[in-house]
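My structure is below; once you've seen it, I'll send some questions.
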Amino acid sequence: TRSGFPEVVYAPGKTNEQIVSAFRMLQAADQNCLATRCETEQAEAILSEFPEAIHHPAARTVRIQRHFEQTGRVAVVTAGTSDRPVALEAIETLTWMNIQNDLFIDVGVAGPQRFLAVKDELADCDAVVVVAGMEGALPSMVAGWLSCPVVAVPTSVGYGASFSGVAALLSMLNSCASNVTVVNIDAGFKGGFVAGLIASNCHRASSD
Amino acid sequence: TRSGFPEVVYAPGKTNEQIVSAFRMLQAADQNCLATRCETEQAEAILSEFPEAIHHPAARTVRIQRHFEQTGRVAVVTAGTSDRPVALEAIETLTWMNIQNDLFIDVGVAGPQRFLAVKDELADCDAVVVVAGMEGALPSMVAGWLSCPVVAVPTSVGYGASFSGVAALLSMLNSCASNVTVVNIDAGFKGGFVAGLIASNCHRASSD
Amino acid sequence: TRSGFPEVVYAPGKTNEQIVSAFRMLQAADQNCLATRCETEQAEAILSEFPEAIHHPAARTVRIQRHFEQTGRVAVVTAGTSDRPVALEAIETLTWMNIQNDLFIDVGVAGPQRFLAVKDELADCDAVVVVAGMEGALPSMVAGWLSCPVVAVPTSVGYGASFSGVAALLSMLNSCASNVTVVNIDAGFKGGFVAGLIASNCHRASSD
Amino acid sequence: TRSGFPEVVYAPGKTNEQIVSAFRMLQAADQNCLATRCETEQAEAILSEFPEAIHHPAARTVRIQRHFEQTGRVAVVTAGTSDRPVALEAIETLTWMNIQNDLFIDVGVAGPQRFLAVKDELADCDAVVVVAGMEGALPSMVAGWLSCPVVAVPTSVGYGASFSGVAALLSMLNSCASNVTVVNIDAGFKGGFVAGLIASNCHRASSD
Amino acid sequence: TRSGFPEVVYAPGKTNEQIVSAFRMLQAADQNCLATRCETEQAEAILSEFPEAIHHPAARTVRIQRHFEQTGRVAVVTAGTSDRPVALEAIETLTWMNIQNDLFIDVGVAGPQRFLAVKDELADCDAVVVVAGMEGALPSMVAGWLSCPVVAVPTSVGYGASFSGVAALLSMLNSCASNVTVVNIDAGFKGGFVAGLIASNCHRASSD
Amino acid sequence: TRSGFPEVVYAPGKTNEQIVSAFRMLQAADQNCLATRCETEQAEAILSEFPEAIHHPAARTVRIQRHFEQTGRVAVVTAGTSDRPVALEAIETLTWMNIQNDLFIDVGVAGPQRFLAVKDELADCDAVVVVAGMEGALPSMVAGWLSCPVVAVPTSVGYGASFSGVAALLSMLNSCASNVTVVNIDAGFKGGFVAGLIASNCHRASSD
Amino acid sequence: TRSGFPEVVYAPGKTNEQIVSAFRMLQAADQNCLATRCETEQAEAILSEFPEAIHHPAARTVRIQRHFEQTGRVAVVTAGTSDRPVALEAIETLTWMNIQNDLFIDVGVAGPQRFLAVKDELADCDAVVVVAGMEGALPSMVAGWLSCPVVAVPTSVGYGASFSGVAALLSMLNSCASNVTVVNIDAGFKGGFVAGLIASNCHRASSD
Amino acid sequence: TRSGFPEVVYAPGKTNEQIVSAFRMLQAADQNCLATRCETEQAEAILSEFPEAIHHPAARTVRIQRHFEQTGRVAVVTAGTSDRPVALEAIETLTWMNIQNDLFIDVGVAGPQRFLAVKDELADCDAVVVVAGMEGALPSMVAGWLSCPVVAVPTSVGYGASFSGVAALLSMLNSCASNVTVVNIDAGFKGGFVAGLIASNCHRASSD
């Protein structure tokens, strides 16, 4: 496609056959394959035809990796333990894009020392994905320490007035840090993709 | 009143005469007086009868202080410069309650070093009032460093998806720090009052 | 931790092993342990390693109490019978904090005599937690009779335009009683924790 | 009209001539006249043709009373001083309907003794109109003491999370008192009209 | 109780024993009994102790009728077939109150002839309950033809932008017919109760 | 344009010069011209260059008519007097489209006889535009009597829980009449345009 | 009925017997029959009495076709694969109305070439139904290329801030293309019906 | 600062002196200066001390440019004429960042040919900022043709159900194009900054 990355299969509402046939075409074109939001049955349909496929149940992804050389560097950071599935969808997306990636879980705002400990490991990233539910304050805090774009992914983690991610979404949209942009609630794929695209284009640029 | 503090005059919708007569009764009972959300004209009506009254235009308060010995300690912290009027309403309320108080402006999340600099000055407070608009992330960050209750006051500062303080309100209600409670948007008086009550009761208790 | 209270384990999204290992560390440090929002299976995992743990299914908590001397006093009051699970989460939290506590169920606004009967029992509390769904009017009514801070906990009890607790939340945020602060919908833990912290600090202060 | 009461002129969006001509027709039919939500200029247009008309600027009504014998009894009660304009629109409507009426201002929830003092004066009403902004808790409290229908009128009085009357409206819709019904925000006319209709029909019934 | 009607048992969140014991007390006082929003199991618990109780599964009520003489007259009208359960809760409530009542199903706005056919049967009611979901337009149409109060009950019937009854609720609150008041979404009990109270008071008045 | 109708100038945010120059181009192409949402100053700028232009201040439109033969027939119906400006924007649009049109004001739901009186005049329309604020019930009522498409235009007329047209919009979207579609709040232009397009295409079809 | 089309049976909340009896009456009058939103059990009840009925499980419709000659032409276009069930409800409705129809799946905004490929096939339609969830942008894009009315049907397809179709609904209501009208979320029947009515009236007109 | 760009002055709520003194410090450090959301008076205060400053009234910015060599390339595209002020804030920000930039006004969705004409000029950008109000569909359409990240800026342009930019915001968050991220409503500065940061980092990378 135009972005240099092939289409990703968004599984909800698709038949097993539709998904598998999309993977067949991508394989024929020697492309990495990725399906997101897969139910177990959909994943099994892919695996039974492509045993080399990697099903990540927590991330709800199925991926076939045909190319392994990685460029760029993106970190994915979460506020809490419960944000992990969304973060993993971002990680799987970045791996599929051949972007070098790292995952930092549970470095939320309420335990500020935990973030200070990982801060230095984020310094040389091309972009950082920050995944947080509840009050969604982590992107603001992280972004203040970084010079690269921060892609904020609100999650539906929380209860009551978190309104299934709306509190985190609004918090992120209003971040007073200027390097924060936002994607949809629970949109781990999109968070990973945009960050990966930034990293990829930097290194394409630098290798031109 | 039951809380040991006299009634405060909420000025909107009251005639000058109603406000002044409330002050007269409080004066007769040798009480400190406070009116909040005063328009200029209402403030002038009070001042023309009680020249010793202190009109704070930014806080929109008028106060008469008859007692000056202070107990306890409450800090009021704001995320940005624009949150100042709400913070000042809290400060005026604390002064009227005879609680020792300090104001720290513009120590928001995006400039994390600024907060680290004032952190130690908050350590011995009985309660801290945190005033923030936009993403309202400051209470979460402050509360993680403190052992006293944090009263979070969302402000209507911001634009777009701040929805006149709703983003900050939701963020604060969902704070993952367990010592954060919340009052209404722009409720500087209530933020100051609850914090002052906590401080006052502690010291009443300790002097019993 | 900074507040003098150890971390509480918020169970959703955690594996049994993660929860049990958190309890092991707290035990090693001779601390009371508390896990909230536990599913039955998570509770059983704790109990199989720590038979002395107390599982409160209605409150959805598991607690290990190693210290029993209580200070301070907090009452938890509910408007209706259905608010009981949220109130019990607050009660369990206060017990874990070693704060003396009492529970008053079903003293809601529509039966005003019932509240008048318990009013005197609340007079010497350091803080009162008021738990209410539907119209959320109880904190306003209770707070008018008390001199201590009132921590209002809206619940998702109700139907139709209660919007899963939003009506109660808004009502509480707009309380015209100045001693009312608010926490998240169904946040029994937080309501109990903030009230317990107020009580604890008062008595720490008074015993200094 | 069918209800036995003539049409009321809702002034917004009408020309002076349209309003005056409606009054002319009502006069010709020997009816009481009422216009609501009148701007000053509209009121003056009526007064210049009908000098006997009574313009109540706070209520924003203009009324011509041709019949004076009153039946039934309705009380209008407000939580605060700022709810007075809405209450006065209800009072003017009841007077126009020839229903005996009384106004009780500022007996809100936070000063519970004030309500207890007026409670007995409400006992023999056919219906009671309760007007409240902010948390809108008064109807729930009043209704618990009364045996007649309570018509709750939320007002846009308040700030922040009162959302121009939405908090009060939701609170009233969720009232756990079974004798409470609700009309639109700031709908003093409708609150008065429904209460007056209940009173009027009772006494029509009783005199049949 | 003050309204002359005994307490009704709202079943959600109550144990079988709590419900049955409430019925025992009412029986002892020779009162009609009503429980609303009962689950099957709760209903069976009542029936096993009081075989004379009437369980209406569609209305989700259980009722014991000890008094049968009826006064007054209230009609319950629904817009569609799916609004029937809510209407039946109102009908059961009116029967329990000993108010004569009639049910008219499916006379909605889109088939205007159907309403014209029943219009005359509503003419002599003391109050009419109108139950409608989706666009909630029926109360406005009905009220224009009637001289008694109309109690509008929005239902959660509909899909998409009906938002579980919000569209109907807002429509009813904004009715341009002056004799319309509103209760909570799906509040069949409250709609019936207020209408029954109006009817009851009229006839109490007329028989004084 | 593709629809057979030239572009309409939406005036907000445009300079006088931009608007006038758009009219110049349309004139050069011998087209009818229409500008909507014009401020007085913008209208005067057009009139000073094109004295034949017709400025309709209530509709906020400026129109130049070069072709006068009309086909088809569309009626525009309003619920109240205050909905007139939005209805006039629809009427001006239909005139500009050379569709025969009629305006019926104030035939709202609460006065059902008024609608029955005009019903027959709507029977032969190709489409009917129904304009209503407050509860927005008129389209449902009108549509039940008609065999053509009804284009519903919610208006921001109302107060309180009308939420500037949201109540009417939701009511219309949920209409149980199958021939009702909806356009944006206050979108008189769009309501008129779609109805006019339906009428125009019918007659283009019939004259082919 | 007035529109020339018989009543459609909306199945939710109806008994099997009510639905079947409605079909019997339509059959007796030699009409096509349509039931929408049918559960499997309801569909089977119809089929067991009318074996010629066509149950479309994805569309959730049951249809009996007695007349087959088609007039007019309407296309139904969807943005994604998951919008198919809603589109099929529209298709079934059009078939029942005897309007010639075509379905184009998955021509969404993000793959612009796909739409350009089908654009020409839409040119001679009397109306086009555009079905889209997520951002709901497709109607705006399609409408710019067409001269007929576009009926936009938002779907609840999406996640997070799609809010079950609200994002798509708002997008469609604000379309800057003047030939777009909107129906309720997931309202495939209504979208199909209005488009079919436009087509039907055109051709009735042209054959007069 | 960490991002390599100095702080920008957000003018609302700041005194003239605070703003000017911030500019003095930046000048002393030989930095470009930018103030956003300036009122005329604030702009004049800057200009009177720094006559070389450039005040852009439509963008509401004041800028002092000390460095002129530009790298990278970002295009700013708007859907309508009214989105221009927000786009200009982005343009001024990019110029201040020394990023080469171009502005394309009024290439909205409803006139698809207009976008096709500029598409090629966007092909070599490092990032594209898309500014749109109303239905906010343009980013989805633009992003499908591009391989770089698209930063979508919703604007408050529109009326009725645009809800001051909420419709556009939701549309953009739900974009089915994977390269779209979103910033706050009317956040021209942030849109420009993030796009500029992407461009700047690419070229820093490529020149390392």
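Note that the chains are named A, B, C, D, E, F, G and H in the order they appear, and that numbering of residues resets to 1 at the start of each chain.
The rule we apply is simple: a residue touches a chain if its C-beta (ideal position, glycine included) is under 8 Å from a C-beta of that chain, and two chains touch if they have at least 3 such contacts.
Here the structure is a predicted model, which is why all the values come from computation and not from measurement.
Undergrad: Along touching chains only, what is the step distance from chain D to chain H?
TA: 2
Undergrad: I need the pair from E-F, F-G or B-H whose contacts repeat those of A-C. Over half of the residue-number contact pairs should coincide.
TA: B-H
Undergrad: Between chain H and chain B, is it the same set of residue numbers doing the touching on each side, over half shared, or a different set?
TA: Chain B and chain H contact each other through largely non-matching residue numbers.
Undergrad: When F-G is set beside F-H, which has more C-beta pairs in contact?
TA: Contact tally favours F-G.
Undergrad: Centroid of chain C to centroid of chain D, CA atoms only: how many Å?
TA: It comes to 41 Å between the two C-alpha centres.
Undergrad: Based only on mean CA positions, could you tell me how far chain D sits from chain E in angstrom?
TA: Their C-alpha centroids are separated by 26 Å.
Undergrad: Taking each chain's centre as the mean of its CA atoms, how far is chain B from chain E in angstrom?
TA: Computed value for the inter-centroid distance: 47 Å.
Undergrad: When the C-alpha atoms of chain C and chain G are each averaged to a single point, how far apart are the two points in Å?
TA: Distance between chain centres: 52 Å.
Undergrad: Going through chain C residue by residue, note those that touch at least 2 other chains and give them in order.
TA: 80, 144-145, 160-162, 166, 169, 173-174, 184
Undergrad: Would you please name all pairs of chains that touch?
TA: In this structure, the chains touch in these pairs: A-B, A-C, A-G, A-H, B-C, B-D, B-H, C-D, C-E, D-E, D-F, E-F, E-G, F-G, F-H, G-H.
Undergrad: Note which residues of chain C are touching chain B in the complex, please.
TA: Touch list, chain C to chain B: 1-4, 8, 126, 144-149, 151, 169, 173-174, 178-184, 189-190, 193-194, 197-198, 201-203, 205-206, 208.
Undergrad: Show which residues of chain B lie in contact with chain H when the two form their complex.
TA: Its residues touching chain H are 80-82, 84, 157, 159-162.
Undergrad: Give the list of chain G residues in touch with chain H in this complex.
TA: Within the complex, chain G contacts chain H at residues 79-80, 108-112, 134-137, 140-141, 143-145, 158, 160-163, 166-168, 170-177.
Undergrad: If we count contacts the way the header does, which residues on chain A are in touch with chain G in the complex?
TA: 12-14, 18, 154, 156, 165-166, 169, 184-187
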